[in-house]
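Sharing a structure, written as structure tokens. Questions coming.
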Amino acid sequence: MPGSNTRSGVTRWPWALILLLIGALPASFAQAPEAAPPAGPGFSVLTRQDNLVYYPCMHCHQALKTNASPRPLYAPHLREQPHGGGTFWCLTCHAAEDRNQLSLLTGDQVGFDDAYKVCAQCHAPRARDWRHGGHGKRVGNWQGERTILGCPQCHNPHDPVLVPSPPDPAPPVRIGFPPPSERTVKHHTVWDTLQHDQNGKDAP
Amino acid sequence: MSTNPQPDQPLDQYRRGFLKKLGLVGGAAAATTLPAVGHPAWGGSTLGDAVGDFFQSHYKRMDPEEIEAALGRIERRAKKRLGVEIQVANTPPIPGVVFGYAINISKCQGYRRCVTACVEENNQGRDSQVQYIRVLQMDKGGMNLETSEHYYAPETVPVDGKFYLPVQCQQCDDPPCVKACPVQATWMEPDGIVVIDYNWCIGCRYCMAACPYWARHFNWSEPQIPAEALNPVTHYLGNRPRPRGVVEKCTFCIQRTRLGRQPACQEACPTGARVFGNLLDPDSEIRYVLENKTVFRLKEDLGTEPKFWYYTDV
Amino acid sequence: MFKRMLERKPGGVVDFMLSAVGRLSRGGWLYWLWLVLLLGVMGNGGFHYLDQLRHGLMITGLSDQISWGFYIANFAFLVGIAASAVLLVIPAYIFHRQEVKDVVLLGEAVAVAAVITAMTFVMVDLGRPERFWHMIPGIGEFNFPVSLLSWDVLVLTGYLLLNLLIPFYILYCHFQGREPSFRVYFPWVLLAMFWAISIHTVTAFLFSANPARPFWHTALLGPRFIASAFVSGPALMIAALQIIRAVTRYPVSQKVMHMLALIMTIALQISLFFVIAELFTDFYNEGSHSASSRYLFFGLDGHAALRPWVWCALGLNLLAVLILMINPLRENMFFLNLACLLAFVGIWIEKGMALVVPGFIPTPLGEVADYVPTSAELMISGGIWAMGLLVFTLLAKMAIPIELAQRDRPAEAVAGAAATT
């Protein structure tokens, strides 16, 4: 765990500002007026900008002209961009003028390490949990300086759903015992059982 | 983990195979002490240490010097048996701290990374069935433990229609196991961790019958740990090597958490489902979860007051 | 005064004990054969126990899932045997029925043997038996009164002492050729009666104290234990008394047999009624509390190791109660013996394996596994049972000649001796 590799200097005010801004966004949002949460504990986000393979982006992009029209992209960029179900385009989050930065809805620019500010614009309740420790992960210690993982450290920003992966081995049995047998009675979800019963009744 | 006994393999044969494997992977350090891995005289300690162990008093009755001597005996024994220098600490609880744990079951994907990390951190016998954490594969649409699958092993998790419920010691505030123990070998520390004095436990296993969470495990045989896999940073009440014939359990990684570190299972969790912290600190993450999320506790109706919560994202 | 007692003079305590122990070395070939047989079984058990000490409890069939098994099952059953010795004490010492008084010492010998056997079963179940001293108040940390196990240790030890003390006094008086003083022994007899009920109640509470185990967590467990004890105890007594009657000239009245048979009949009826009550509660509305019963009687998830045993126990008990309820059959010694055997085995299964093991299945996390005792476990248990029989044999061997001598004395001699002391 790179617990020592932290970046301090994320102060509280930008966060409060964002919340205020979100609160002040369109009127349709206003009917669920979440009161500004308590200040909560301070934190710093584990840096990742230095680990990005192609960073700084402007290495290439300063020589390329900005093409704002949505189109399939080629390597090293992702062809597909599942996040947002087709409603997003690169420049929704990436700053058009300075590709080393991300952009907020307000037009302000933030660094890759502050990506959570971009995410929080839509995922406000999740961001609130994350800010206070109900979502995400604190690294290293439970007391003292609080370093937490930023959103892209777990979620691919372009395809945020976690991919299934193999589990670690099943529990062992006591030495000298045969391996546990599969449950002979297969249990099903409530709706599977109901469906089965329905089918049973319908059958002639 | 690869040493699960085969169904048709006789016990002795399995045992020999395991010892052989230990010798192979143990390398030079273990090779010199291999005879001590099996059933050594005096359990791998000198006669003096064996006598000292036998007459060792209850943890809470020992004065600092006696505790120092007890820690020294454990360190010497590990050195003699496995050739590993370990440090056995006796870090006291931090004043004003009561530990609590919460798991976000919307996030848990059933990877069992916590289980593996726990075994490595806490020096559980690799040949025994002692694992402090059980991850249950549950049917969606219900909360019936009796239909849970303990030994799930699909290609990938999560499996459709299932959710995952990791269960470990719930560090009850009114622990039935503590009440059950006839010799007070188990008790709740001031920081809320239920611990066992592994040198005082008589191995009657009444606490195992009393625990509603199946959190207590017994060393049916001498725990076997390859020398290079032994975690040398230990605590007397936590992950120090345990003898055969005693009950052991999760201690919220007392050797780490009393130094301010996260428990190994929290650290290993790839989904951030685990939240650990001080219940007395209103700014702690655990308090945020308890105050702002809808939480539940397992078998709350039994009145055990677990300090272990489950919550979901919404 | 104690010094005077310790001197070996005719009729003194030392003389009494030496002559009692001395009698152990006198006996026919049957006696010696019996002892050799018992010692052989014990030696075999001891050998396997050494193996258990060397390898740990992994030589048993126990696991984290089912952490108590055959040892604790026998323990629960034997505490019942010990408790039911009270049955003979009540008519003997309270109602002064002479024919019961004749055999009451044998009942107490059964109690002593059963308590020692039960305690040994707990000892072999311990993972660290050498740390037993941790339980001794003063040098250890005895978790009394919080832990039910500490209560059990306390009541069993007390019961053992009581059942050694009372016969010791009575036999000592008879040895001296006088009648024991009613005022001296009666308070202890009274205490022993309540104590007998308490040992089995506490043993039942040991199990029913655990909400974690719904199968045990029922208020009916205590009454069930007592009722079934009053079946298995008399069944064993009827068998033991007949053997004593056959191998010695000790007078065992047929009236005692009838009394014991009647107690058995009623207790077995009540016991079966309790079983029915449990079954109804478990199966009319099946909830999570009935999973263990389902496992026990019908099997769960393909695991059903106990199913044949529990149905067998039910069958044996039903057959036994049928025999006992028909008067001519009950008064026929052959059928009575048959009923005793059936009921003894039936209760042994019902209160042993069929009570202890299903409490662990399914585990509190819903895992279903089977438990089958290993041969080592059976050997060790067999050795302990043999030890119990040996204790009873030796106690009876010491007590019977003293009693016979007392009976052979003319009544006036007894009265005279009583007047001089």
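Labels for the chains are A, B and C, by order of writing; each one numbers its residues from 1.
By definition in this document, contacts are C-beta pairs under 8 Å (C-beta built on N, C-alpha and C of every residue); 3 or more make two chains touch, one makes a residue touch a chain.
Small disclaimer: the values here were computed from a predicted structure and weren't measured.
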Topology of the chain contact graph, where touching chains are joined (line, ring, star, complete, other): complete
Identifier of the chain whose CA centre is least distant from the whole-structure CA centre: B
Whole-Å separation of chain centres (CA-atom averages), subunit A against subunit C: 66
Computed distance of Cα centres, subunit C from subunit B, in Å: 39
Mean-CA-position distance for subunit B and subunit A (Å): 32
Residue list for subunit B, restricted to those that touch at least two other chains: 11, 129, 134, 147, 150, 220-221
Contacts with 2+ other chains: residues of subunit C: 58, 63-64
Where subunit A touches two or more other chains, by residue: 173-177, 180, 183
Subunit C residues within the subunit B interface of the complex: 54-58, 60, 62-64, 67-68, 122, 125-132, 134-135, 140-143, 146-150, 153, 206, 209-213, 288, 291, 359-360, 362-367
In the complex, subunit C residues that touch subunit A: 58, 63-64, 301-302, 368-369
Subunit B residues touching subunit C - in the complex, by the definition given at the top: 11, 39, 54, 58, 61, 129-130, 134, 136, 144-148, 150, 167, 176, 179-185, 200-206, 208-214, 217-222, 243-247, 299, 302-303
Residues of subunit B touching subunit A in the complex: 1, 3-7, 11, 14-15, 18, 97, 104, 107, 109-113, 115-116, 127-129, 131, 134, 139-142, 147, 149-158, 161, 220-221, 257, 260-262, 266-267, 269-272, 275-278, 281, 283-286, 288-289, 292-293, 311, 313
Subunit C-facing residues of subunit A, complex: 173-177, 180-181, 183-185
